[in-house]
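Note that chain A is present in both complexes that follow, paired respectively with chain B and with chain C.
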Partner chain A sequence: MSYIDVLREAEDQVTPGASACQGCGGELILRTVLQIAGKNTILGVPPGCMAGAGSVGWNFNSGVRIPVTIPLLDNCASLFTGISQMYQRKGREDVNAVIVAGDGATADCGFQSLSGAAERNEKILYVCYDNEGYMNTGYQRSSTTTKGSRTSTTPLGSVINGKVQHQKYVPLILSMHGLEYCATASPSDMKDFVEKVQKGLAASKKGFAYLHVFSPCPTGWGYASDQCIAVARKAVKSNMFPLWEKDENGYKINKVIKDPMPIREFVQGISKFKKLTDEQIDSIQQMVDTRYAELERLAGKE
Partner chain B sequence: MAERAYITPIADEDLYVLDTASWRVYRPVMDKSKCVECGMCMTYCPVRAIIGTDDKKYKITYDYCKGCGICAAECPRKAIEMVLEGGAE
Partner chain C sequence: MGVIKVLTGNYSASEGAALCRPDLIAAYPITPQSSVVEYLAGKVHNGVLDSNLVQVESEHSAMSVVEGAAYAGGRVFTATSAQGLALMYEPYFRMATLRLPMVMAIATREMTSPETIWSGQQDAMSVRDAGWIQMFCDDNQEITDMVIQAYKIAEDEGVLIPVNVCYDGFYSSHLTTGVDLPLQEEVDAFLPPVHFNHATLDPDHPISLDPMTPGNLLMKYRRSHLEAMKRVPEVVDRIDKEFGDKFGRYYGGMISEYRIEDAEIVIITVGGMTGAGMDAVDAARENGIKAGLVKLRFTRPFPAARVAKALEGKKAFAVIDRSVCFGWSCGPMYMETKASLADAADQYCHFSAIGGLGGADISTDMIYSTIQKLEDNKETKTELETQWYITE
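Then we have the complex of A and B:
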């Protein structure tokens, strides 16, 4: 069954009218993950865009057709440890415990509970949609924000020119936890994304599965809403967001880009990168090259 | 309000639905003669407003479409056009 047929046949579990922005990458990710996970799923959404967009509901109404809970920003993985354990003890191993969290709830606030759950190898699928900031509250910087990005807490000015530090590469950190499955995906490469969600769901029956998904944000980043997929595609093509996975056979790069696009081209047309200096672009390029070389080394390409 | 037996409310009946179609400024219109039924528009639609029909074709539904324009930008045959709402059909 091809990935298009999977998406064609699967029932949408999210409310049709969710208040995510026009052209939201996160909404596409949430819907795709839940379409594949299906009805037999319990969902956790920590505070963030997808919780604010109505997936956890409003006024006693729920925003999805499956059980959903909104924990605190920092305890989603530990709450789901309990939920997953309860289902195991009741003999309901068939239930998918799925978390769809933003990068703030993954990389910053929720990192200790996520790291703990990954180390204990709890039977959860954790999907992070990485829009590189706290978009729900007006784009404050997070630890996955790219260097030089204009955010409301790292504005462009005479003292700093956007975020000073490089981003934290969370998927690689998580993959070192000895978990069952870890992968990065992008909504531009849907086939790869669908396969990874299926693989992640299967792996979550045995242990912890982590998916890090690139989620461009038209409102925060400043580009036209129809360019969402194009921006995600450019991120993959420039190796800014390489697609790889780690399973029982070790690391594997899923999409090898023969002639990577320069970062200078990737940042074109995105307003948060508007005032990048040459020095900053070179610095990002160097970070991207170093990171990719490290991944290649792990995947045994050299 | 009925007592909930689950950890969270389950919304088969009380689904929270917002009228997102009212946000739309541009309406996607599909030119059926150019369409090759590849399904890319459905795959990338964040709202899932494009659905597959029984005869293996695709159809745009306007009940919740926010008019983001991803379908028009991603269509390999440029079969979808964004038309200003209130203008000619």
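Then we have the complex of A and C:
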């Protein structure tokens, strides 16, 4: 079945009334993952945009049609370890244990418990929607924020111009954990994304599966709300966000870009990058090139 | 009739937990708790115990993993000490406020700073307002018995509150005594399989667990939690009797008393210092001092009514704390004992004694000096300065 048919036929598990911003990448990721995971799923959405958008509910109304909870910001993977293990114990291995978490809960505060669960190869599908910051609380920087970005805790000052450090490349770190499946995905490449969710769910029956999904944020990053997919596409085309996976066959780059778009072009029209200096742009370009070369090496393509 | 085994306090906790057939055990090593989980790991790895064992990367995750298993209806166990307890505070508070029954052993230990790994009760005392039931044991038999009883208390449908079974690090955790271990079939008959479903995540019955909740509803949850705490003493008494009838060991419920019927002087103890306290009471009696002892078995809920009744008609009391109450110049259990007497405290000579911090010993002589001080001032009806068991 083609991915379009899959998405057309699968029931939307997010209830009407989700209050995410117009053009939110995260909401699209949440809906897509849950459409594929289906009813027989227990969902964890830690504090962040998707919890703030009401997926875990408000008062007596649930935000999704499946059992859901809001873990602590820093314990998604360990909380779901307990849930997953109990379902294995009860002989209900068919139940999916799925987490949809932002980069704060994944790369920063929750990184330790994530690393622990990945190392133990717990039977969980962990999806990170990476919008490169704490968007729900007013766009503070996270460790996945791109260098030079304007955030509320890395403002464009007269002495320091945005974020000083490069982003932490979480998916590659996770891929070194001996887990079952690890991949990056983007809402700009739906076929690839849908297949990776399917693959991740299947892998989560054997062990830990991790998906790192690019999640552009119109509100925090500063671009028109109809540009989410376009921004995501540019990130893939510039190798700012390369699409790759690691499974039992090793690393594989899923989309090889022939003539990658320069980073200078990717950052165009995104307000958080508006005041990047030439030096900062060159530095991001260099990081992107080095990272891609490392991925190529891992994928066996020098 | 059970099997007599020579066990450390930690192994006594492990044996108690194993007899309760936990679905899942998760823990992280920390001195002096580590051997609790090592022992259980041995049982699981040798096929003696059918529990899921999760060797996590921190205490924060230990509490989180068992919490997740409780979301799926499991009976769970963990154990910790000091810094580990502090690290797990976040999911610890949530476990109680979600009203999920479980048992966690705490081999109590002093809190850093200064750096220390030795005994003390500051760890458990510091989290006494996080919604858990807390009780303290003073010998290894009591540890095994109370882990078993604690599951029954926690899982009582009128309670549904997790329980800490606390015992002094090193003094209890590492010293061996003979322990009469109940047989598995006896425990199975005493403790039915766990069943609770008020916070269960299951695709067959989808719910949103812990959605953003407005204050008015949150207050109803808190009020309900406090009301359940009020029911605990009655449940503890009932289970103490049921356990005693079955296994022949009665512990007295929320407190236990020693030679207090005709006593004028009462010392109040928590945990492992109780043995030295009883020796001091005996020595005082030999010297004509009418001394007695009250052991606080449960500290949450605080056994206010029992303590007030035990002190009725007495002349003087001191509470010995192995921890401090920052902000008051005294120990925490002294403060709470005073609170349970309210204005009636004026009818006594009383003071706080603090000792045994950072692994220091609380000797019979020290406690005797407290009894002597109470005896010397018993007619004064005044509060005396806090006594520190510091040797120069």
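Methods note: the second predicted complex is superposed on the first by the 302 of 302 C-alpha atoms of A that agree within 3 Å, B and C clash if a C-alpha of one lies under 4 Å from a C-alpha of the other, contacts with A are read in each partner's own complex, and residues count from 1 in each chain.
Basically, contacts are C-beta pairs under 8 Å (C-beta built on N, C-alpha and C of every residue); 3 or more make two chains touch, one makes a residue touch a chain.
These figures come from a predicted structure and were not determined experimentally.
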item	value
First, second, both or neither for A:57, with chain B first and chain C second	both
First, second, both or neither for A:87, with chain B first and chain C second	second
Touched partner set for A:31, first chain B, second chain C, both or neither	first
Partner chain in contact with A:66 - chain B first, chain C second, else both or neither	both
Partner chain in contact with A:143 - chain B first, chain C second, else both or neither	neither
Contacts of A:190 with chain B and chain C, given as first, second, both or neither	first
Which of chain B and chain C A:41 touches, first, second, both or neither	second
Overlap of chain C and chain B interfaces on chain A (superposed complexes)	42, 57-59, 62-69, 83
Chain A partner contacts - residues on chain B that touch it in the complex	1, 6-12, 14-21, 23, 38-39, 42-49, 52, 63-64, 66-70, 72-74, 82
Sites on chain C touched by chain A in the complex	23-24, 26, 52, 54-58, 60-61, 64-74, 76, 90-91, 94, 201-203, 205-214, 217
Touching residues (chain side chain A, partner chain C) in the complex	39-42, 51, 56-59, 62-72, 74-75, 78-90, 95, 112-113, 115-116, 119-120
Of all residues in chain A, those that touch chain B in their complex	3-4, 7-9, 12, 14-20, 22-25, 27-28, 31, 42, 54, 57-69, 83, 187, 190, 218, 224-230
